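Labels A, B, C, D and E are assigned to the chains in the order they are written; within every chain, residues are numbered from 1.
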Amino acid sequence: MRIINHIPTRPTAVLLAALPFVAVLVAYAIGSEIRLAENPADKLLPAPAQIGATALRLFTEGDRRTGEILLWKDTWASLMRLLFGVGIAATVSLVLGMAIGLVPYVRRLMSGFVAVVSMVPPLALLPILFIVFGLGEVSKVVLIVIGITPIMTRDLAQRVLDIPKEQIVKAQTLGASSWVIVARVALPQVLPRLIANIRLSLGSAWLFLIAAEAVASDVGLGYRIFLVRRYLAMDVILTYVLWITALAFVIDWALKTISRRAFPWLEAGL
Amino acid sequence: MRIINHIPTRPTAVLLAALPFVAVLVAYAIGSEIRLAENPADKLLPAPAQIGATALRLFTEGDRRTGEILLWKDTWASLMRLLFGVGIAATVSLVLGMAIGLVPYVRRLMSGFVAVVSMVPPLALLPILFIVFGLGEVSKVVLIVIGITPIMTRDLAQRVLDIPKEQIVKAQTLGASSWVIVARVALPQVLPRLIANIRLSLGSAWLFLIAAEAVASDVGLGYRIFLVRRYLAMDVILTYVLWITALAFVIDWALKTISRRAFPWLEAGL
Amino acid sequence: AEEKTEFKLAWSIYVGWMPWGYLEDSGIMDKWAEKYGIDVEIVQINDYVESINQYTAGQFDGVSATNMDTLSIPAGGGIDTTALIVGDYSNGNDAVIVKGDGGLADLKGKPVNLVELSVSHYLLARGLDSVGLSERDLGGVVNTSDADMIAAYTTDDVQAVVTWNPLVSEILNSSDDARAVFDSSQIPGEILDLMVVNTQTLADNPAFGKAVAGAWYEVMGLMADGDEEVLTAMAEASGTDLKGYKAQLAATEMFYAPADAVAQASSAELPTTMTEVAEFLFDKGILGEGAPSADFVGVAYPDGTVTGDAANVKFRFDTTYMQMAADGAL
Amino acid sequence: MSFVSVRDVWQAYDGRSILERVNVEVEEGEFISIVGASGCGKSTFLRMLLAEEVPVRGAISIDGGAPAVEPGRERGVVFQRYSVFPHMTVRENIIAAEGFAKPSGWLFGSARKAARNRADAMLVRIGLNHVADQYPASLSGGMQQRLAIGQALTAKPRVLLLDEPFGALDPGTRLQMHDFLTELRAETGMTVFMVTHDLAEGFKLGDRVLVFDKVRWDPMDPGLHGATITYDFDARDGGVPFQHILDRYPSLAPEPVGKA
Amino acid sequence: MSFVSVRDVWQAYDGRSILERVNVEVEEGEFISIVGASGCGKSTFLRMLLAEEVPVRGAISIDGGAPAVEPGRERGVVFQRYSVFPHMTVRENIIAAEGFAKPSGWLFGSARKAARNRADAMLVRIGLNHVADQYPASLSGGMQQRLAIGQALTAKPRVLLLDEPFGALDPGTRLQMHDFLTELRAETGMTVFMVTHDLAEGFKLGDRVLVFDKVRWDPMDPGLHGATITYDFDARDGGVPFQHILDRYPSLAPEPVGKA
């Protein structure tokens, strides 16, 4: 029988799905064991038990000086920046994308520019961002916005252009003004794509967030990782990495669920 | 007449397309003028003429010590890293994506794992990467690979799954083995998507490249930007940024063209 | 004993460490290594912290680092480390810079931008001490990457920064209202720039120590003579010109003569400094979870005295090889 | 003065003529079928009737009005596909035909309630009341086209334009749609233009059948000349060719003579 | 022993029965039309004939062989859509039917040349020689289905399975396809199973027409029981119902009696 026709049974499938995670864990445990056997004070690959203890401490114990639990403070700060950055990027790209997709004048004006701008490496522009937006929260949010907006805009504009011409004409024959076509024909059909776009961009958004926090900050997940790197506290770094992964996963899942719930017509079919 | 029905004439269209670029240039020139009027030694926004002079020097004048033109050396080094990183990522994600899409056992084994791994922020893992892969070229390439492979793999696997089941069954009724289905049914249909994926991932790849070069390197576009950032030599930084933008644009355009040429069937239609 | 013939040193860009790059480029290192029948590779790493991390993880046999970072990262991480060469101490290279008028005492309630947990942080703590303040009295410290310090300084949010050269001279030169209110010349000998190597490796391979020391002091000789070609090469490698580099050197107390370095390593103040550094590190939680107290890591000095935990000596000042250079025995 | 008047209309894309010298006069309430070879310009002609495009020469006017420059409520349209809005339920699609004309695009309060009632009545009429809350994608092709027609009629257009409305349906459904359209027309007395590939359909439904074809033909360059209306059959008389072509199309005569 | 023998076949998904006790014997060269309500399991039955799925109970064998576990060259298939490979030209699609069976998936040298000639002959036969170098997307639906059939025949299957092969075509094309299929069958004498929605089509083309329906019906839970073959018409006799049901389906009788 062809390998593509072999289908695992339910229990096998569950086992298979767990396997790579177990393998990574075991590989890590062994690597850690070897290094710790050589140098018990080794910081690079702390024992899983130690990571567990550190994670517990980070999640529950307050800072020595202030009594605040840093991890939650960091999480809150980073999520806020992410929320604003992605929120603004989504809004801007939605407006721009719709305008480019629907209005020929705007299309001529912006589409070439957006295509070029989407190729600029945003990290290299950080110094200019700082000067223009200051060192505070604004510049971090702006870095995220600048980093992800152009690509989202391009994609959304394309999606608007993909709406069948027939629908736009039909709307006009029903007396729809440009604004009504935007609000009632294009927008609802592009929104699911916007969410898909946000899901795609979140990876880059995290990247820019971490980069921005590494440059100038006093709180945030990226800040903490870069700070503790200074004394190679890999137990803290790994806890934070796993935590960020979990957050990213939950956000992705939530967006997927929202999209499914909010746009039932996408799944309608004979 | 509705705004969406106004279509610019050809000359207007060209003018419109140029407008934003001109606007940015003018805005920069004014900003630069103002800052330089205040402080002639200001480095943040060098006069356009100075950027031009710097660019000319960077592109043509050799290093005093070695006689080599650093910009070309940097470009070559960075492009090689990019090429290897993206090349490896493309190969790995193609193989993995096809396996996940076609072989149920592999799908069970890897799809959950890849979904989780694609959420890990790769920048946070930099220290570990450097230790495992050393500080040479390998770790830079690996960062790019780790950064972009999971998302590409997910997308390619989805594309393979999107190939109508009918085609796979039909191939089997023509006597195709699993291998033949891979090579002659799935691969040719996924290749265009692979190129689209590479185009999408190149932005992140540049990001990771610049980040990796900033940590450990002695040549490369990202390294040079990092080096002169300390002195706020914006004329050099801007030249490099524009150069990277141009390179990215050309690569993107080349990939688009290759895709159009290589897959004529994609554009076939009634 | 594990003898080997290939060694790797890591260094990062900083005034006092530029000779390491020159050693590699000029072939002087190869020459000395050949003399002792070994091979030494000197690798530049842009990110200073990363270079120490890599050394700590065992990727390198030695790394250029300050006394403070050596204590916190490799020594704190259980890697027994020896200061093979004491290259210089910062004598004004690190500074607290404020915008406009006002002194150190006026920092009260203001935010300060610096690379947290670095020698800048230590310098700030020492400075605040001197005027009876502590970090708590500030409006907070904001971790700011050294690469972006200059850009950061030009923004309105920033009122004070602590940083090192070339950034210090860059900021002081480019902005009229920038004033250094405290610098490392006021705490001479506390911020030492070292080449530290793995103690075990050094013990097993004395040739390694000899070759590195020999090569280093050959270049020191050239620099002491003001060899313009050498200095220009270093200047360009650090991204500045000869004039700029000389200005930075002026704020650096280079130990061109090995005897001076030996004297610094053997000085009576060193144990006091190291104790203070250890306390600073402990206070910031940098010594890690396993550190029950500030003297958890022992530091050994050339005369055999130890500060901190004598049972856990992980950081040693060893003048053997510098002394050999001083004696012309290499 | 006839209801719809097409006078000496030319259309060209990128310098290539597609339609040439098209003239036709249509009375109110007539059902005009349009047939012709694939690519001859039937849809182009419909797009001009719709005012989606303006002809390069000549003019089209409805009821003596000025030529329109863009589509509006007086011209309804149903295409072969994509004529309904996939993100609205069946009922919302009908209500949209009233709401879209409002500045906000929405109806509120009692206006909405009234529109909803009218929509439900329309749904009964087009036989879709049982699927009022479903999305178009879950309807069959025939139901979607019925919805599209119902939606177009809700806007009460003066002319209804159909571009191969049944081209994607299978034959049984197609016959049902013919009956449906015939009934609707009997009720409303609407002026209809319908493009079709199916001659039989054209004759069955239409009062007149217009045939588009090229009169001039350059063997060296088949794309050089455009098509025009070459026949105008009276389908009410069982398809006997219309004998008064010159009366109606003075432009085809050597000496053009106007006729209002 | 008949050529294709389906014995007491059951199929269920997620515990819900779709097909129950399906029995049918087919002689070599027969053309079997399969009709039934939408969703009653016609495609499921075809998938089992194809060995794309194995029944939960019972067995299907061809020419007395062991039941197959996966599709292979002895069973050809044409679906309503997606039956040809969009990335290959028309000619390559035909050649693929020979090349795919090779270990590498490709034919080389003289074997390729020979296959190319045979492919061109097949293209003439299915009337697609003039578009040999085009991609399927640029063909009309009918041409695509002809290509799909030609491709399936090139592999010389023992049984040809068609799942609503003409479902997406318009009526004129459909009639042409009927003639095409009838001709091809006369030439090859192939055993064919064809699922169709169109009763007339089933009777026109088939030697026998199998009707799938539910015999048991639970009003509380319409999805509880599966369908089976409820009628087996002999379409050669002009559609007179086949009278010997019990002879052929012993499982429907109170006392099962085998018949080879």
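In the analysis below, a contact is a pair of C-beta atoms (placed from the backbone, for glycine too) under 8 Å apart; a residue touches a chain by one contact, two chains touch by 3 or more.
The UniProt protein names, listed by chain, are A, B = ABC transporter permease; D, E = ATP-binding cassette domain-containing protein.
Please read all numbers here as calculations on a predicted model, not as lab measurements.
Asks: Quick check on the contact network: minimum steps from subunit B to subunit E?
Replies: 1
Asks: Using the touch definition from the top, how many steps at minimum link subunit C to subunit D?
Replies: So the least number of steps between the two chains is 2.
Asks: Most contacts: which chain pair?
Replies: Chain pair with the maximum contact count: A-B.
Asks: Centre to centre, by mean C-alpha position, how many angstrom separate subunit B and subunit C?
Replies: Those two chain centres are 38 Å apart.
Asks: Nearest whole angstrom, what separates the Cα centre of subunit A from the Cα centre of subunit B?
Replies: Each chain reduced to its C-alpha mean, subunit A and subunit B end up 18 Å apart.
Asks: Where the centres are mean C-alpha positions, what is the separation of subunit D from subunit E, in Å?
Replies: A distance of 41 Å separates the two centres.
Asks: Just give me the whole-number Å value for how far the CA centre of subunit B lies from that of subunit D.
Replies: Spacing between the chain centres: roughly 48 Å.
Asks: Where in subunit E do residues touch two or more of the other chains?
Replies: 70 - these are the residues of subunit E that touch more than one other chain.
Asks: For subunit B, jot down the residues that touch at least 2 other chains.
Replies: 2, 44, 127, 131, 172, 177, 229, 232 - these are the residues of subunit B that touch more than one other chain.
Asks: Quick one: which residues in subunit C touch 2 or more of the other chains?
Replies: 50, 53, 57, 147-148, 150-151, 154
Asks: State the interface residues of subunit B toward subunit A in the complex, per the touch definition above.
Replies: 2-4, 6-8, 12-13, 16-17, 19-21, 44-45, 102-105, 108-113, 115-116, 118-125, 127-128, 131, 151, 168, 172, 177-178, 181, 200, 203-204, 206-207, 210-211, 225, 229, 232, 234, 237, 240-241, 244-245, 248-249, 252
Asks: Looking at the complex, which residues from subunit B come into contact with subunit C?
Replies: 41-44, 64-65, 126-127, 130-131, 134-135, 213-218, 223, 226-233
Asks: Okay, in this complex, where on subunit B does subunit E touch?
Replies: 164, 166-167, 169-177, 179-180, 183-185, 188-189, 263-265, 268-270
Asks: Taking the complex as given, what residues does subunit E use to touch subunit A?
Replies: 69-70
Asks: Sort out for me which residues of subunit A touch subunit E in the complex.
Replies: For this pair, the touching residues of subunit A are 1-2, 5.
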